[in-house]
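Next, two complexes with chain A in common: one pairs it with chain B, the other with chain C.
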Partner chain A sequence: MLTQQIINGLTLGSLYALLAVGFSLICGILNMITFSHGEIFMIGAFSGLYTIIALGGNLPLGLAAAVVVSAAAGILTERIAFRPFRNESPLSPALITIGLSISLQAGILLLFGADTKPFPYNVSAHKFILGNTVISGIEVFVIGISILLMIMLHLFIHYTRWGLALRATSQRIEAADIMGISTNRIIAIAFCTASLLAGIDGLLAGAYYSAFYPRMGVAISLKALAGATFGGIGSIQGAMAGALSLGVIESLAAGYISASYRDVIAFTILIFVLLIKPSGLLGQMREEKV
Partner chain B sequence: MVLAELKNISKDFGGITALKEIDMVVRQGGIHGLIGPNGAGKTTLFNIISGNYDATGGDLLFEGNSILKLRNDERVGLGIVRTFQNIRLFPSFSVLDHVKMGFHRRASANWLSSILWLNNTKKEESWIEEESRHLLKKVGLESFAQQQAKNLSYGNQRRLEIARALAAKPKLLLLDEPAAGLNESEVRTLLEQIREIHAEGITIILVEHDMNLVMEVSDQITVLSHGQKIAEGSANEIRNNPIVIREYLGTGKIEC
Partner chain C sequence: MIRNRKYILLQIIAVAIISVPFILDDKYIFHIAVMSGIYMILSMSLNVQLGFTGLFSFGHAAFYGIGAYASALLTRDLGLPFVAAFILSGLFTAFIGTLIALPALRLKGIFLAIGTMCFNEIFCLLSTNLESLTGGPAGLPDIPVPSVFGLEITQPKDYYILITLLVLVTYKVFDNLIKSRHGRALTSIRDDEIAARAIGVNITNYKIKVFAITAFFAGLSGSFFAHYLSYISPSNFALSESFNLMAMIALGGIGNLPGSIVGAGILVIIPEVFRFLQDYRELIYGLTIVLIVLLLPQGIIGWISGLLHRQQTSQDLAGSPKKFSVETILHRI
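Our next item is the complex of A and B:
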């Protein structure tokens, strides 16, 4: 029972984590929050789903479609909602992305209808049974992909010149360009990376729950944002840790206390941690970000 | 041969004229001193060349092309690199990271292939690491590579600033008061460094209050006063220029 709940929690947490690192990347660089990240997740999921259906079950191409569409949406979001307001109130991008998120939901609703679409393949067919713990193939797949992407992101940020430029931009945007770093480009890269992770996440989540619908990104993106804050927003490792713990806490709460109070319990714990440590689990007070 | 040319460069700050119709020719391979009393417009001129400020009027040519419309980072890409009077440090970065940053423009792997570690990403990253350590050694900071830059002494921070600038492989290096706050022996080391950099074929523009330093290394000196160019010539010509003596040196202080 315990291992079962932890496996479920890690799966859930992995889904949160791919969104949470995106929030962290964007917030780390711009000190602004995007509210349409959940919709980028959703359109990634839809483009992946319909590509897979159209091509008769080609999962890699589905993932590629999710990546391309969500990355493009992310770059567009930065252009219209963030770049014009770089030195202005962070409320403008917040309002614009809220508007964008409503429009994207409505657009998908118009195009594909309100009904929940199932994933056309049975992804739970393969099961691994260890004692009394059952791990389905999709859980292994979700956790595996998520861990792989996190490792790639970590190596990118800490061991490449682009990562160095990202960190430099997040620390002192006004000094980075004098070093020859195109900060506009770096910000676009941050949005692109955050968004393509969201798109992959959308397709994974849709397949895991076998449910694709216009509002599928709303609750999960709020949870991911909470997870990122919990772990220390602005720090990538913090966002990963926060999102994974939120998933596990939720799952344990559902298993041992009450399934209907899972969110209440998870958020209560989150609020208490933040009361004691406002910068989050791994967050440092405004020093190293990204 | 001309490397950079300022034509009629003016700069107003809300009606106050900081620079008025400055013409200046920077010769390839030279050390060009820029002097003048406080408020003469030296740093403003630097900021216009490096792209931190937009000029109000005039044109700026680099290797024959107008570059006034280029961003800071694009000018770094062309080889115009500057150091700062007040060092711009990145709080959590190590000394080595600061130098590595200077290489950003010189590597070719794009970010997508960097995420996937494709092509020559790995080779390029180790090249950057190696070259950065080499530069640190050159300025005598190799033993501080892993330390946080903010913990360096003032003199060492200035050296780091120079190593960082050299990492970008400048054609034109703008040194903004590199000797400020240094003691005498540090100034002598700096002098050696400037000569070494110059010997590598890098053209230098030097803003400096230490008049002896400027007179000693510069082959061409431009004198600014109240935003206008009042004289230009070799160190000897400047020393004996009556306008300079009256306007500037005549105040009784050689170091202003």
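Our next item is the complex of A and C:
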């Protein structure tokens, strides 16, 4: 029972984590918040699903379609909602992304209808049984892909020149500018990375729950944002750890306390963490200077 | 002289708008007008919090919901008269607002936004799950009709008169607040918290009071809403409703009190006007928000008065930091 709940929680947490690192990248660099990340997740999921259906079950190409479409959407979001408001109040980007998220949901609803679409293949056919714990193939797949992407993201941020520029930009954007880093391009790359992770995540989540619908990104993106804040927004490792632990906490709460109060428990814990350490568990507080 | 003329003009417009529903005398028009009134109170109170004090509150709909549930339960289950329940639900919401303010004081900017969003979500989840108290997802039906000192309010016209009075009172209270010493203190907190602290503004105290007073009015509008529709459910107070309120104050202008009235009115009416578009309404609504923020960064009132002002002193505006034309915004993108 306990290991079963932890496996479920890790799967859930992996799904949160891929979105949470995106929030963390964007908030870490710009100190602004985006509300359309869940919709980028959703359009990634839909483009992946329809590519897979059209090509008769080609999963790698489906993932590629999700990556391309969501990355493009992310770059476009940055152009429309964030670039005009650099160094201004985070309110304008927040409002624009709210508007974008409403219209993206409505647009997908008009294109594909409101009904929930199942994933056309049975993904839980393979089962691994360890003692009395059952792990389905899709769970292994979700956790595996998620870990792989996290390692790739870590390598990208810490061992490439773009990653170096990304870290420099998130420390201090003006100083990075002076050092000759094209901060506009770096911010676009951050959005692109965050969005393609969201797109892949969308397809994974859609396949895991076998449910694709226009509002599929709403609840999960709020949870992922909570997870990122929980671990420390702005820190990639913090966001991963926060999202994974949120997933596990939620699944344990559902198993041992009450299934209908799992979300209440998750959000309440987040509020308490914010109270005790507003920057999150692993986040670093930025000093405020006059 | 110009100021005086402008004032008279505003009064004429106000009287005209208020009397329109009486001329048309249609139930549907009255309904839209009453709903606009409820949102006007909500967006004005959110604007005082966000536009004047700079507190990023993304959970205002929760206060609205607390007022609505409190009032519904007080009248329906405890049998209190409407007026008492109305005031009490406002006070209760203000009390919750104070409780929320205490943790919120530690959070700034986007962290406050995330914290308040979580608060809104927790409220919705609780109102969905505490079925014995709130009726769960099915909501609370049969909320008694309001009666004010023995007069039962049943006609749409009566609701309309009541909400108009309420909007005017709310406007007057907030207008006096922001024009007072306290209002200037709030604006100084918004502009620079450290500087405000340095000149002796008690930031903690003011932030708590702002949460309390804005929550009070949000609670009142919630109470009115509950008795007007006589049915409430958790979906009325979801996070998307908080986002709608943000859009309303953005349209009217952040930190512009009359703007909130206009913004709320327009964003309640737009979906009704575009009803014939059916499925395309949401799409248009979303795009409207995007375009408002991109093209009218100071809101519709700021834009109009900017236009009027430019005719009078065109060179004054030449140096202003924000010029709003399609070309400049496209250039910035």
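By our rule, the second predicted complex is superposed on the first by the 286 of 290 C-alpha atoms of A that agree within 3 Å, B and C clash if a C-alpha of one lies under 4 Å from a C-alpha of the other, contacts with A are read in each partner's own complex, and residues count from 1 in each chain.
Convention: a contact is a pair of C-beta atoms (placed from the backbone, for glycine too) under 8 Å apart; a residue touches a chain by one contact, two chains touch by 3 or more.
If you're wondering where the values come from, they're calculated on a predicted model, not measured in any experiment.
**Q** After the alignment on chain A, I want to confirm one thing: do chain B and chain C clash, or do they fit together?
**A** Result for chain B and chain C: fit.
**Q** Using the superposition on chain A described above, determine whether A:278 touches chain B (first), chain C (second), both, or neither.
**A** second
**Q** For the overlay on chain A, what angle lies at chain A between chain B and chain C, C-alpha centres, nearest 10°?
**A** 90
**Q** Of the partners chain B and chain C, which touch A:158 in the superposed model: first, second, both, neither?
**A** After superposing on A, A:158 lies clear of both chain B and chain C.
**Q** After the superposition on A, what does A:225 contact: first (chain B), second (chain C), both or neither?
**A** second
**Q** Quick one: classify A:182 as touching chain B (first), chain C (second), both or neither.
**A** first
**Q** Of the two partners chain B and chain C, which one touches more residues belonging to chain A?
**A** C
**Q** Pick one for A:95: touches chain B only (first), chain C only (second), both, or neither.
**A** The answer is second: A:95 touches chain C but not chain B.
**Q** Scan A:172 for contacts with chain B and chain C and give back first, second, both or neither.
**A** Once the two structures are laid over each other on A, A:172 reaches chain B alone.
**Q** So, does A:105 touch the first partner chain B, the second partner chain C, both, or neither?
**A** In the superposition, A:105 contacts chain C only.
**Q** Check the superposed model and tell me the shortest C-alpha distance between chain B and chain C, rounded to whole Å.
**A** Least C-alpha distance: 10 Å.
**Q** Show which residues of chain A both chain B and chain C reach, each in its own complex.
**A** Looking at chain A, the two contact sets intersect at 288.
**Q** Flag every residue of chain B that touches chain A in the complex, lowest number first.
**A** 50, 52, 71-74, 76-77, 81-82, 84, 88, 90-93, 97, 100-105, 107, 109, 111, 114-117, 121, 124-125, 128, 164, 168
**Q** Touching chain C in the complex: which residues of chain A?
**A** 27, 31-33, 35, 79-81, 83-84, 90-92, 94-96, 98-107, 109-110, 222, 225-226, 229, 233, 260-261, 263-264, 267-268, 270-271, 274-275, 278-279, 288, 290
**Q** Touching residues of chain C toward chain A in the complex: what are they?
**A** Chain C residues touching chain A: 50, 56, 103, 106-111, 113-115, 117-119, 121-122, 125-126, 129, 194-195, 239, 243, 246-247, 250, 254, 279-283, 285-290, 292-294, 297, 329, 332-333.
**Q** Sort out for me which residues of chain A touch chain B in the complex.
**A** Those residues of chain A that touch chain B are 152-153, 155-156, 159-165, 167-168, 171-172, 175, 177-183, 189, 193, 287-288.
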